[in-house]
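Lettered A, B, C, D, E and F in written order, each chain numbered from 1.
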Amino acid sequence: MNKTILAGMTWKEAEERMREARAVILPLGSFEQHGYHMSLNTDNIVGEYVAGVLAERTGCVALPVLPYGQVWSAKDFPATISLRERTFIEVVKDIVTSLERKGVRNVILFASHWGNAAPAKIAARELLDESGYANVYYLSYMDLKKHGKDVMETELWNGSGFHAAEIETSIVLAICPESVDMEKAVCEYPQAPGDVNIRPVPWITFCESGIFGDATKATAQKGRRFLERWIGDLAQLIENNIC
Amino acid sequence: MNKTILAGMTWKEAEERMREARAVILPLGSFEQHGYHMSLNTDNIVGEYVAGVLAERTGCVALPVLPYGQVWSAKDFPATISLRERTFIEVVKDIVTSLERKGVRNVILFASHWGNAAPAKIAARELLDESGYANVYYLSYMDLKKHGKDVMETELWNGSGFHAAEIETSIVLAICPESVDMEKAVCEYPQAPGDVNIRPVPWITFCESGIFGDATKATAQKGRRFLERWIGDLAQLIENNIC
Amino acid sequence: MNKTILAGMTWKEAEERMREARAVILPLGSFEQHGYHMSLNTDNIVGEYVAGVLAERTGCVALPVLPYGQVWSAKDFPATISLRERTFIEVVKDIVTSLERKGVRNVILFASHWGNAAPAKIAARELLDESGYANVYYLSYMDLKKHGKDVMETELWNGSGFHAAEIETSIVLAICPESVDMEKAVCEYPQAPGDVNIRPVPWITFCESGIFGDATKATAQKGRRFLERWIGDLAQLIENNIC
Amino acid sequence: MNKTILAGMTWKEAEERMREARAVILPLGSFEQHGYHMSLNTDNIVGEYVAGVLAERTGCVALPVLPYGQVWSAKDFPATISLRERTFIEVVKDIVTSLERKGVRNVILFASHWGNAAPAKIAARELLDESGYANVYYLSYMDLKKHGKDVMETELWNGSGFHAAEIETSIVLAICPESVDMEKAVCEYPQAPGDVNIRPVPWITFCESGIFGDATKATAQKGRRFLERWIGDLAQLIENNIC
Amino acid sequence: MNKTILAGMTWKEAEERMREARAVILPLGSFEQHGYHMSLNTDNIVGEYVAGVLAERTGCVALPVLPYGQVWSAKDFPATISLRERTFIEVVKDIVTSLERKGVRNVILFASHWGNAAPAKIAARELLDESGYANVYYLSYMDLKKHGKDVMETELWNGSGFHAAEIETSIVLAICPESVDMEKAVCEYPQAPGDVNIRPVPWITFCESGIFGDATKATAQKGRRFLERWIGDLAQLIENNIC
Amino acid sequence: MNKTILAGMTWKEAEERMREARAVILPLGSFEQHGYHMSLNTDNIVGEYVAGVLAERTGCVALPVLPYGQVWSAKDFPATISLRERTFIEVVKDIVTSLERKGVRNVILFASHWGNAAPAKIAARELLDESGYANVYYLSYMDLKKHGKDVMETELWNGSGFHAAEIETSIVLAICPESVDMEKAVCEYPQAPGDVNIRPVPWITFCESGIFGDATKATAQKGRRFLERWIGDLAQLIENNIC
């Protein structure tokens, strides 16, 4: 029996492991467009992978990824699925509440999809306010500037955008190359309307491929280096703060 | 590219396949105790498997399983997670609404966990009443009596219970033997309190292992025979009625 | 003073009776079409009658019937009224909560309309989960196969349908003949579309009279025999399990 | 067939009558204490009676009374049942929505219980705002000062209170004498705390019998005279304004 | 430091004053048309003024006015803003809950806009029922008949209407003359449709200026006299009942 | 008549101005602690001031500030008031919906309190999704790094915190000096727990004064310079994008 992946355990095994484990990690993914070259499952692949590695390094256990997330910006792309903000929060709260009633030591909400980070934080606040659960953590998403330093060769879009571009593609090349088709990778720095930061503007109105940056520069090597830093940081955060 | 599993596609590929496909199948699983011998992921394994086979046979496409479901009866077992009825309905409605806005031909809600069947039906009704979506189907769960005839050797518990027993175990032996440990399989026909059908009685108050029946009699062979009948029936239902 | 019907009591009388009584029965009816020959009030008539007899036999007290229910399938027939599932659940929860705050021994939700049975069960679960009320029972609806044996002469529609047909008509002939007009009774075994069990299909799209079976074979005598068995079973359930 | 009481009709009969009728009247009652001498069903008895007479006089049809209402002030008396304000509004909206979808000419919400008047008005407003139904009326409750002139001999409590006292008792004596026991009738002008009008103060904290006034002065004769004026006014309002 | 207006205090100062003060007053205003001659801010001006004077006279402290209210009747006039009934109740409950968690002695909801009075009362009831806060008061709005005696020269509209007419205009002339332009004041006694009291009828459908009465007769002198009586009564109510 | 402040207008004046104006600005403030030296009203003062200046420069009109906001982090400080996230969103949506029904050209949600920025954005998204209002903008809060360059002399707390410190104090010194008492200004760079960014941690658990930085270095001169840059930027954003 793998000692970190709850999906592979019986309830008896999980009961024991949940009691011992530093925390239960819930990866929060999405079913969202990731350009012409990566699958709709990208955030779920990354979420399960990172949660699994983190669990092993820090003595945690990991739940299956929630594969549907809050995906407002990309929601109008074909095949992309989005939960409303309130629905997403309620699902997360129900899952955590189930765990708390069994007596876990801590819960970590790990958003492998950017759009889940804000509502996961709101869920954690409401769980504290309404039920007194003070042991619910949310891990903020990857910090492209920090972890991408010396790895990333291309520019962030508008100083912060990176969806499905160099780094995300590199990560998937590193952990699940069969779900990337580099021949279809493109470079797109879409021209956003001037009000993109002050009005709700769906990506599909100004972005063609769905990516924000240059996916053609991705390599598995970059992915491994980025992941190492990112996961290293997350593991450190967990070890220093959650017990 | 597999032509039925949406998780493996880019949005461009999925866009085309969703337009052609007879229906998009959404498997609705759960993270629920399945006795001493099967993993918490059982309903998700079965859900993804059956949805995949159905999709291939009937020209549909399948989404990733929703791995958290409405699990009232078993919800107090360790490691079991349950969404409230209303939360579950809202998630299903949000997912279907995302699909409908892209123009799918039909949607099939496939409950691989029994507790999801009733709220999936309510979701379909509300989608019709509130949004006019008349193309949302719900596939009823396995019919143990019908499909188990000549396959099942043991009795149903109280005439209808079968959780994690002979047939479910056989199915998982057939499709994912590594998540069954037959050495831990037991036979338990728990003594339920007299009011079990007229009051909310959590299983944990009267059932030890979490199973209702005899798992020790399970074989992969039985699983294959049962699956063939069950899936055959479901495929027939789809072909005859959904287009 | 009748000792079982709360509607006829003052609050002083009811206070005492509710303290003594084994349970308070809340009949859950509906305002729903019942063919060309029975009134819209049919489920309410049956609900109040059965609740009253049960109360007398088992030392319970009965509330007035809630005359509006969850009636999805028939809701598009003229004059039929339906509460949404969530509304119905909230009404039931509010009524039970009022009772619990006064200290009743038990509450029995008695669905005299089939569509109320499922949401009544959900209400009971939520009352337990949210407020800890473990004394709320739901009596399942009539079992046509069991109680109709040797009484019913005609077939169930599609193996289970019976709305406003032989048995229901017989019951009303037995307890309230003035609300049946046998001259208008018909036999209709409607041809349902093939997807009737896997999609929300309003009855009005395929049924003309609103009945499912043969109402012309109804007699008061059959009604009395069926009622005696059904009520006998319900009384037994109450006496054996609720105290 | 009575031409005004929908409960006694089949759906075919009701379909025709609802099309012809000036309006469908929905009486909104309650299950609430009415002193030592009147039954918990008082508001329901009055509601069905007045709705029936009004329907006859003005060419309307009447639905069964909703026997559970919004009863905040009296809700802590034994056996009294109260719906929360929002629940009550949702039930009323669901019932009206069912009617509107069948094409009624008008709907009249008739509050025979004072506490229902305010939420019925809110329901009517929301039905207009959310669904555009501009044909939903609410009949305000009895005007004791106006209709009681020359009939009432006793004082109103605190200038406006009258619950279960001279007039209400007289009305029930006139229409349903078997649900009044005049030997138990009392006179109570409870001493309310000074903040009764500026803070939520449950009646049970300062009122013993549950009545506000002098029930001993009630007579059937007064009831008939009051009813005649009250119903006459309501009928006039309907005839002048609703068509 | 002014000892009554919380908006002018630091948290340290407010902490002490809230502990000492008899009550925290929350004025509930609106952004609503007030005829051709008064500003949209009228209810907010009156709310802050009256709350401030009351606070000084009775040893209370006052919060800033909530400047958006429940304004159904006037909501279709240009520039008028209305919160839905439920939204308004939730805002009030959240504000009170914040206060209660800090340990205030009492809270007074002061509706300076008529449409807020009913939902403020519902909020107070729900705060008691759901959270046990028994120290939340609601001050009923001005009583034109009582406080206007010997001051008011003109008639109430339909016996009770007074919006933006003689008295309200006089009050604003007394406390904030710069927000009144008497040259634009008019006299309008609109002809309401016969069903105005039994159906939701927006004012804009029958009223031209937005006022109900004669604003041209307003004087600052009348305003001062009215205010003195009104505030005197409110202060008395507070002193006698809230401690 | 001031041509930008709606609170000072009659509905007739506002009607015309709202038709002409580029946008209606709704300032979203809060009632929140701002250290020992600034009033609880600080965000409201800044909100009304900045909205007013922006309106004048860009041809907009401004509504009164909503003085209660979403204040999770500081909500446990005495006298601080917080709306729940969902309540805040609903209030904003109701206000905007009222405006849209009157036909405004655009609406700008201006968060003068940081905690309102995220829910204001969600409100704008929901207004688009649910009602199709594509003309709702949200102005992001001040960018301390950008607008503070060459103005700010002290460090941001933890690289981004600034609550009630040098810049906010300077701003209030510039626009409303009477609500600052510089003698009480302090410098506090609180020591936050290591998990402050990954768990809901109320400020009061680690911050004494409520400020994050050095308020003692504030001057009106700095405030004027910061405001000029900030407002200049906001005005530019409006002029370039909203018409």
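Brief remarks follow.
The criterion applied here is as follows: a residue touches a chain if its C-beta (ideal position, glycine included) is under 8 Å from a C-beta of that chain, and two chains touch if they have at least 3 such contacts.
Predicted model only: the values in this text are computed from it and were never measured.
Any chain touching chain A that also touches chain D would appear here, but none does.
At the interface between chain C and chain D, two copies of one sequence, more than half of the residue numbers in use are shared by both copies. Pairs E-F and D-E differ in how many C-beta pairs touch across them, and the larger number is found at E-F.
The chain pair from D-E, E-F or A-F that repeats the C-D interface, sharing more than half of its contact pairs by residue number, is E-F. Chain B and chain C have Cα centroids lying 31 Å from one another. One inter-chain figure worth recording: chain A and chain E are separated by 49 Å, centre to centre, where each centre is the mean of the chain's CA atoms.
Centroids of chain A and chain B (each the mean of its C-alpha atoms) stand 26 Å apart.
Starting at chain D and stepping first to chain E, the chains sit round the ring in this order: D, E, F, A, B, C. Contact residues of chain C toward chain B in the complex are 72, 85-86, 118, 121-122, 124-126, 128, 134, 136-140, 193-195, 197-200, 237, 240-242. Taken together, the chain F residues at the contact with chain E in this complex read 6-12, 14-15, 18, 31, 33-41, 44, 63-68, 75-84, 87, 90-91, 94-95, 98-99, 101-102, 179, 181, 184, 210.
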